[in-house]
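You will see subunit A twice below: alongside subunit B first, and alongside subunit C after that.
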Partner chain A sequence: MIDVRHVTKKFGEGATAVMALEDVSLIIPEGSFFTLLGPSGCGKTTLLRLIAGFELPSEGEIRLDGDSIGHLPPHKRPVNTVFQNYALFPHMSVARNIGFGLEMLKRPKTEIAATIEEMLDLVQLGAFAARRVDQLSGGQQQRVALARALAPRPKVLLLDEPLSALDLKLRKGMQSELKRLQAETGITFVFVTHDQSEALAMSDQIAVMSAGAVQQVGTPEDIYTAPQSRFVADFIGDTNIVTGELLGYDGPMAQIRFGEGRSLSVKTASATLVPGPVHVALRPETITICDAASDAALLIGTVRDATYFGAGSQMSIRLEDGTEIQAQVDRPSPAGTLVGLNCDSAMLQVLAD
Partner chain B sequence: MAEPLRHKPTFLRRATGTRELRRQPLFTGLSWVVLLLLYAPIVILIVFSFNDNRSVVRWTEFSLRWYAAALDNGDIRHAAVISIQVAATATVISTMIATMAALATTRGGGFFGRSAAIALINQPLMIPEIVTAIATLAFFSMLRQLTGLSGLGWLILAHTVFCIPFAFMPVRARLADMSETFETAAADLYATPWQAFRHVTLPLLMPGILAGAMLAFVVSLDDVIITLLVAGPGETTLPIYILGQIRRGVTPEVNAVSTVLIVLTVAMVAMTFLLQRNRK
Partner chain C sequence: MADIVQQPATGSQNLQQAVQARAKAKRRVRLFLLLPALGIIGIFGLAPLSIALIYSFLEPGTYGGVEWSFSTDAYVQFLFERDIFDDTLGFNSAYLQIFGRSFGLAILTMCGTLMLGFPVAYFIAARPPEQRNAWLFAITLPFWTNLLIRTYSMLLIVRDEGFINLALMKLGVIGAPMQMLYTDGAVLAGLVYSYLPFMILPIYASLEKFDFALLEAGHDLYASRIQVFRHIIIPISRPGIVAGCALVLIPALGAYITPELLGGGKKLMIGNLIAMQFGSGRNWPFGSAAALILMAVVLIALLLSLRAGAEKENRHG
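Moving on, here comes the complex of A and B:
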């Protein structure tokens, strides 16, 4: 288990100092596939480098299984990294790259040879042991980088956007490959990405980061269906954010009304909002279209256009207050039609900001 | 008609530019004149080192007799041994110092005075050699008197110093090109700073170090001015010996020795280029 406690990281001094991380606290459970997700510059790579030891925290503490490791140099941490550009040693064979960690730990030669063999099997590169790394394709180099980082059996494997250099098809294959490796080895994977679909597909838990802070931690389902903030709702999937009126609270649920419609009981990210206008997240695929005059209509809008994408159509609708929203439907209504929008109120989420 | 030309892809435009340059009057002729002036004397020197005749202007027939004569000459052999001793020792020491300096200035973080250090290391390249030579002569005479030490060590020391910037340049260039991620990855894989240097930085840096060493060797081997002033009695290097012989007129024997020096130098420089081109 990695326990990140109140970690702050500043680069530079005085007026030009850049705050990369600000008081970040996070628990990464043992044996999980944990993703740090966020746009570039959000601090996710800095956090990864702090766990690896390539940077030292300005404040705060990092614990690994109870031991404070935040100030140890990288070679004293039982943590290995798969680098974004792989950083394979160009003057060594595939096998020697994979055995490098164990060689540095001065393990017996027989053990190193056995581990190299096992790792080559694990990443299905058995025939390439003697190759030089510059004779491999990008995907193969990726596997060598994985094998090299897994060979010393670290407690934690850190992956810094390892799939970003691969083309789409290879990337999909490596996603399931990484999931398989994580399940087979039981090692905690900390995966950094800016790709939300990758994060949703692979993770046990996701920490969404922005501007040097963790915005929300949860399972992919939590993050997707119950975003806490506008930022998370916006960043994950194509979410519509519409304005509703908060009437009050009923236990853990918020009472919401759109326009002059009826009051709905909706999940909420915050129980301390003042009654009045609030932001509500509404996923495009949860919307159904109904007659504008019917009682079922929560919102009313005009169809702008529709785009066919195979499994259905994406309709763009302008609400009465001018907000443009997206809805996924089987059969789109013609542009210019006034339509009613309905949605299961359980799929709505009031955002904290 | 000028309009479409402006939108030509860059590579086409560049090709046209080169062709236009070649079409300039005198371009080809001037190039040949320069090449001729540079290499004709050397070619002639080499050719006449194989001449079976005492003259260096009249060709009779091919022979290796001047090489045999040079080999047979005890003074030449002695000068060659001194030259190689000085060049080899100065090369090893200066390359080690240059490598450490290159590591400190590229991997040592932004320490105070780093730019100044780089400038200072490269400065000997700009100072006229005669100035360095006279300064060294005066300084070494003082030290010789103070310490009472004599011997080849002083000449080696002088050579080591002026070889450092030559060894420094290729090593630093290679280090600056080399991504620090390799060292980071080594540290991540449990390599101590020393292990990371030994197993990752040093092997990756080797082509740069070898290139630097060869440059240093060639520079030391060819040096005249500093050697002339600093060398003690019996410390005659090959260039100094040749210079001494020339005063009595050029003999084909000198041609032969010079040819050997040229071949050695060209081989070294060619190797330097090959090393720098490979593994890029």
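Moving on, here comes the complex of A and C:
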């Protein structure tokens, strides 16, 4: 288990100082596939480098299985990294790259040879042991980098956007391969990506980051169906954010009304909002279209256009208050028609901001 | 060949002839294009060597030049001394000693430039790309002045009334000037100074594209700083180190100006010995022979080290 406690990382001093991380606290469970998700520049790489030991925290503490490791040099931490550009040693064969960690740990030669063998099998590169790394394709180099980082059996494996350099098809393959490797080895994976679909597909837990802070931590389902803030709702998929009126609370549920419609019981990210206008997340695929005059209509809007995408159509609708929202439907209504929008109220979520 | 004969159609035979004719024409054009390069190698490389080789087997003329009669005296003279009275040969190690000192000084020069040059080259390679050219310019700046002038200024610094002695005496560290000029130390310092850029530049070239993420990768995989240096930095810069060593060692062996000025003609190196034979010594054949012996030794050493390097490569696979 990794326990990141109130970690702050500042680069530089004075007026030009950059706050890369600000008071970040996280618990990464042992043996989990944990993803740091956020837009470029939000501090994902910095957090990873702090765990690896390439940077030292300005403030705060990092614990691994209870021991404080925040101030150890990288070669004294049982943590290995798969670098974004692989950083394979160009002057060594594939086998020696994989064995390098164990060689530095002064393990017996027979053990090293056996582990190299095992790792080559694990990443299906058995035939390439004697190759030089620059004779490999990008995908193969990727797998050598993985094998090299896994060979010393670290407690934690850090992966910094490892798939971003691969083309789409290869990336899908590597996603399931990484999942398989994590399950087979039981090692804690901390995976960095800015691609939300990748994060949702692979993770046991996701920490969504923005501007040096952790916005929300949860399972992919949590993050997707119950975003806490506008940032998370916006970042995960193409969520619509509409304005509703908070009437009050009924236990853990918020009472919401859209326009002059009926009141709905909706999940909420915060139980302390004051009654009045609040933001509600509404997923495009949960929307159904109905007659504008019908009782079922929660919201009313005008169809702007529709785009066919194979499995259905994406309709762009302008609400009465001017908000533009997206809805995925089987059969789109023609542009210009007034339509009613309906949605299972269990799929709505009141946001904290 | 057999299947060519079996081909039935004359059409394909014609084709074959056409292909052969074209290949022939191509070879001729290629030979023609090679002529300038071959000419230059011939005129500036092989011709002087041949002249030296021929001269080394002739007899010295009284006032310099050569007498056109065959003799191996020049080579014999290198190791033996002819007794003036009874004409017998006795072993003479004087020239061997000069060779020995030259190799010693040249190897020390190589080590010195490596120790100083490697950190400098690494430092430059670690700068942001836009700063590197300025550093490289600073390194090559001394080349803009003549070696003779640079060596003279060195002489002014190390002589008895020179900068170092004056400063040390002012500070009261020493009472009388230290003898620094005309010592092996002065020659070595001069050589290291002169040849340092020849070490820095090739090592820099081998590190220029160095991916510094490899250092982090090494640390991440449990290598200490020293192990990262040994297992990652050194092997990757090896081609530069080998080139730098050759570029320093070979010209340092034949150095002339530096030992002449800083060694004061007392601490001879091969270069001075050879120059002397063509000047005051008036023994051109011996000068030629000494030059060829030097070249042979260097070539053999180079071949041996190349073979050792190749074997090492093979072992690591």
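To be clear about the criterion, the second predicted complex is superposed on the first by the 353 of 353 C-alpha atoms of A that agree within 3 Å, B and C clash if a C-alpha of one lies under 4 Å from a C-alpha of the other, contacts with A are read in each partner's own complex, and residues count from 1 in each chain.
The rule is simple: contacts are C-beta pairs under 8 Å (C-beta built on N, C-alpha and C of every residue); 3 or more make two chains touch, one makes a residue touch a chain.
As the structure is a prediction and not an experimental result, all values here were calculated from the model.
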Using the overlay on subunit A, decide if subunit B and subunit C clash or can fit next to each other.
-> clash
Which superposed partner A:A130 touches (first subunit B, second subunit C, both, neither) | second
With the two complexes superposed on chain A, say which partner A:F100 touches: subunit B (first), subunit C (second), both, or neither.
-> both
Go through the superposed model and pick first if A:Q182 touches only subunit B, second if only subunit C, both, or neither.
-> neither
Give one of first, second, both or neither to describe whether A:H75 is in contact with subunit B, with subunit C, with both, or with none.
-> both
Touch check for A:Q328: first (subunit B), second (subunit C), both, or neither?
-> neither
May I ask you to decide whether A:F89 touches subunit B, subunit C, both, or neither, giving the answer as first, second, both or neither?
-> both
Both subunit B and subunit C touch subunit A at residues 52-54, 73-75, 79-81, 83, 85, 87-91, 100-101, 104-105, 148-149, 152
Subunit A contact footprint on subunit C (complex, rising order) = 211, 213-214, 216-224, 227, 231-232, 235-236, 317
For subunit B, which residues are in contact with subunit A within the complex?
-> 179, 181-182, 184-192, 195-196, 199-200, 203-204, 279
Subunit C partner contacts - residues on subunit A that touch it in the complex | 52-54, 73-75, 79-81, 83, 85, 87-91, 93, 100-101, 104-105, 130, 148-149, 152
In the complex formed with subunit B, which residues of subunit A make contact?
-> 52-54, 73-75, 79-81, 83, 85, 87-91, 100-101, 103-105, 148-149, 152
